[in-house]
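In order of appearance the chains are A, B and C, and numbering begins at 1 in each one.
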Amino acid sequence: MSDKVLQVNDLRIRFRNGKETSQPIRGVNFHVKKGETLGIVGESGCGKSVTSLSVMGLLPIKTSEIVSGEILFNNRDISRLKEKEYRKLRGNEISMIFQEPMTSLNPVFTIGEQLSEPLRQHKKMSKSEIRNNIIAVLKQVGLPRAEQIIDEYPHQLSGGMRQRVMISLALLCHPKLMIADEPTTALDVTIQAQILELLKEIKVKNEMSLMLITHDLSVVAEMCDRVVVMYAGEVVEEAEVNELFDRPLHPYTQGLMKSLPSNNERKSKLFSIDGQVPKPSEIGEGCVFANRCPFAFEKCFAETPPAFNRGKHISKCWLQDPAVKEVMQNEERSIVNS
Amino acid sequence: MLDFVIKRLIQVGVVVLLALTVVFFLIRLSGDPTALFLPPDAPREQIEEYREKLGFNRPIYVQYGDFMVNAVQGDFGQSLRSREDALPLVLDRLPATFQLAISALVLSLLISIPLGVLSAFRRNSIFDRIAVAFTVLGQAVPSFWLGLLLIYFFAAQLNMLPSGGAGSITHLLLPMVTLAAYSVARFTRFTRSTMLDVLRKDYIRTAKASGVPTIRLIGRYALKNSLIPIITLVALDLGTLLGGAVITEVVFAWPGIGRLLMQSLMNRDFPIVLAGVFIIALIYAVINFIADVLYAYVNPQIRVK
Amino acid sequence: MTVNIPKVTHTTQAIKVKKQSAVVTFFSNLLRSWTGMVGFLIMILLLFISIFGQWIVPYDPLLADFSKKLLPPMTDGHLLGTDQLGRDIFSRIILGARVSVIIGLTTVLIAGTFGTIVGIISGYFRGWVDVILMRIVDVQLSFPFILLVLVINAIIGSGLRNIIISLAIGGWVIFARVIRSEVLALREKEFITACVATGVSRTGILFKHILPNLFTPIIILSSLQIGTYIIAEASVSFLGFGVQPPEPAWGNMLNEGKDYIFSSWWLITFPGIAIMITALGVNLFGDWLRDTLDPELKGE
């Protein structure tokens, strides 16, 4: 068990807005191993960001609540930590990179002022030590003129440079786990590749784990060791990256794969999954994907599927139930026989 | 930065000159200027004599040019009552007005910024609700009435403070509170809403993710971001404060520009009115200039090209 | 032909339902916000008093009776007491409401119309017209509103008509400024670009597409400005300009009452409360209107 940096067990989160409540996260399980890159994939609104914010302890205190489950960081449950305790982890042992580099840096403080914050909070360092540290990390993330950039303001930097600054902010205290929430979505395509390459590089160099949240399967294929597929607040499939791309088991994952534009064939039309993600309020009994699933049968609408293991490949779909498989094989046989 | 300062200074000059122009024509267009420069009961010959003497029989553009040339040199003519030069009369009253306006401004900032920040931070708490109710009420109370109430309670009933005049700190207390009240309400409300806005920003989340403690997050980060809009509003509201100062000065018989201006308006002593308008426009323009420079100072997007 | 008739009636019905629902939404929104409701009720009460005031006053507000001067409240049938001339304060406050309402509404109508026209011209045609108009606005905004109103009023003379003129001259710039920026923002919207691209004429765009979209900001701004005008009028009248005695206005009642502040508190108390309640009502309603119609502007 000790090789797992992060373990999320049966996490359930509830949001309250006035008298209305919703559960954007319902029974999520996954883990991140040491030195591994875990991808979390899903459409917008599937709960990826809420999950990552809950790991950081950054969910809005008044309107959200962790109903049940635990978040183990180095085998210690951090889901119910006091704010003061959590602060010792944030930016120190766990750090996070956000989607929007343009708005994630404070416009009225210099890069140096903002980057000194994690070091100030977590390390006992003199001002000159802090400065030297920051310059070293800025150089490490491939920023030219690090000695000047440290005294510049965010608006003087390009989007790609700002994201590098954000990465160095997350890197400063040598965290054990870095969470990157759609780190390249807001960037130009050419810069995306550079940033991903950088993330890969620093992950190895700093011996840390990376939790990469994205909606982009090509990013997953490029970066990740293992993948968790989320849909409507649940983990529907989990597998090693090659296994997942070779043999997607959940119909939702299959749909995602099919909707990828392929280099080899020029189809006239891209595949898309019919229907829409159900709103949290609409979810009842049964499989969350049933209303859009091309293979759905009665059981899918009646009962929530458990996680079926097939080696390290886990999927939450009745089609993977050995009993269902047997019945279907029998049916096929009977069709062939008749 | 120097370019910026020079550009703004030129703007100050333009605004003041235009303000003078407008008042000049307003007075000229509103009727026979001679009648305005003389007491209403002046005999006909005296009016004719004055028209000649003051040059009102010349074409209006000549008069305007003359007036502006003199005004720029600080010559607004003599008071119709006391026969003293108008501008020195106004300038004599300047310190009193400054004393009142600045103390009220400082008081209102000292109260409203912490109140607004706290209110935003404890959003929807009982404290916040009381603060919001207070700001709504504060904006509905006319300052002159508040002044009257304060006089009634602290001078007439409790006999603790003087009801008017100047000379000591006790004289300043009531007018200062009266003038500050409206600004406190407005600034508190604005600080609160700006702060709420800033606290929702991505960069605040970034700071939280860096492990910045709450007090530092608000006191250092969010406050500096909020300061830009707050400075803008305060600068805009200084006009209201100056206007309020005039009324407050009348209520408390405070010997400032406002009271002088009011008396001159009553007596139709227009050289003093013009000099007063000139000084107030100048003060207001200079305040806006200072606010612009301050604004640039806290906002690196303007300061650093 | 017989098929067409029911179709027509159907559409008219649909329109009726839609119109009715706008009123219903207005009130159901209002019911949800108690501050908006309070503001609305105060405004209704104010309107009622200013229209029917002269029939509900218990005494003649102008009738002086020296034998009854400076009576405290609740004596001799005078609910709020009498003033230095023995006139009934309650009756004078009720009649003063009319002055406030007339001044608030008329000023907003004049200043709003003029400012809106300037704002549209400035924002829609831009160029040198815009530069000149906005310079004028800037210069005027560089002088405190209340002082401007005072100086103008002192120059052109007091009285109800002149105080309205003074307030309107002081107030139009806000409308010009706001409407101009609204028009500028509208011009950049896709649907206007689409109109230009499909060859709709300039006047067509102005009247069919821009004007209707200005309705909301004009309504919001007007409702917020009325309170400013009412307080400004009270201040000017308090300083001895504006509405002149014996005509009762809350401002000049306070002016007359301030000489008796050490002996008769009721003279300065009740007219002030009337101003405060009025301003409070108008502000609450205006805030609610802004929050409901334009959520983007919420909270300042």
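Rule of thumb we're sticking to: a contact is a pair of C-beta atoms (placed from the backbone, for glycine too) under 8 Å apart; a residue touches a chain by one contact, two chains touch by 3 or more.
Chains and their UniProt names: A = ABC transporter ATP-binding protein; B, C = ABC transporter permease.
Since this is a predicted model, take the numbers as computed values, not measurements.
Set against the Cα centre of chain B, the chain with the most distant centre is A. By number of C-beta pairs in contact, chains B-C lead all other pairings.
With each centre defined as the average position of its C-alpha atoms, the distance from chain A to chain B rounds to 54 Å. Distance between chain B and chain C, defined via averaged C-alpha coordinates, is recorded as 24 Å. Measuring from the averaged C-alpha position of chain A to that of chain C gives a distance of 54 Å. Note for the complex: chain B touches chain C at residues 15, 18-19, 22-23, 26-27, 30, 36, 136-137, 139-145, 148-149, 151-152, 156, 163, 189-190, 192-194, 196, 239-240, 242-244, 246-247, 250-251, 261-262, 265-266, 268, 273, 277, 280-281, 284-285, 288. Those residues of chain A lying in contact with chain B across their complex are 56, 58, 83-84, 87-92, 95-96, 98, 100, 103-110, 114, 117-118, 121-122, 152-153, 155-156, 166, 169.
On chain B, the positions that touch chain A within their shared complex are 201-214, 221, 224-225, 228, 298-301, 304. Considering their complex, residues 35, 135, 138-147, 150-152, 154-156, 227, 231, 234-235, 238-241, 254, 258, 261-262, 265, 268-269, 272, 275-277, 279-280, 283-284, 287, 299-300 of chain C touch chain B.
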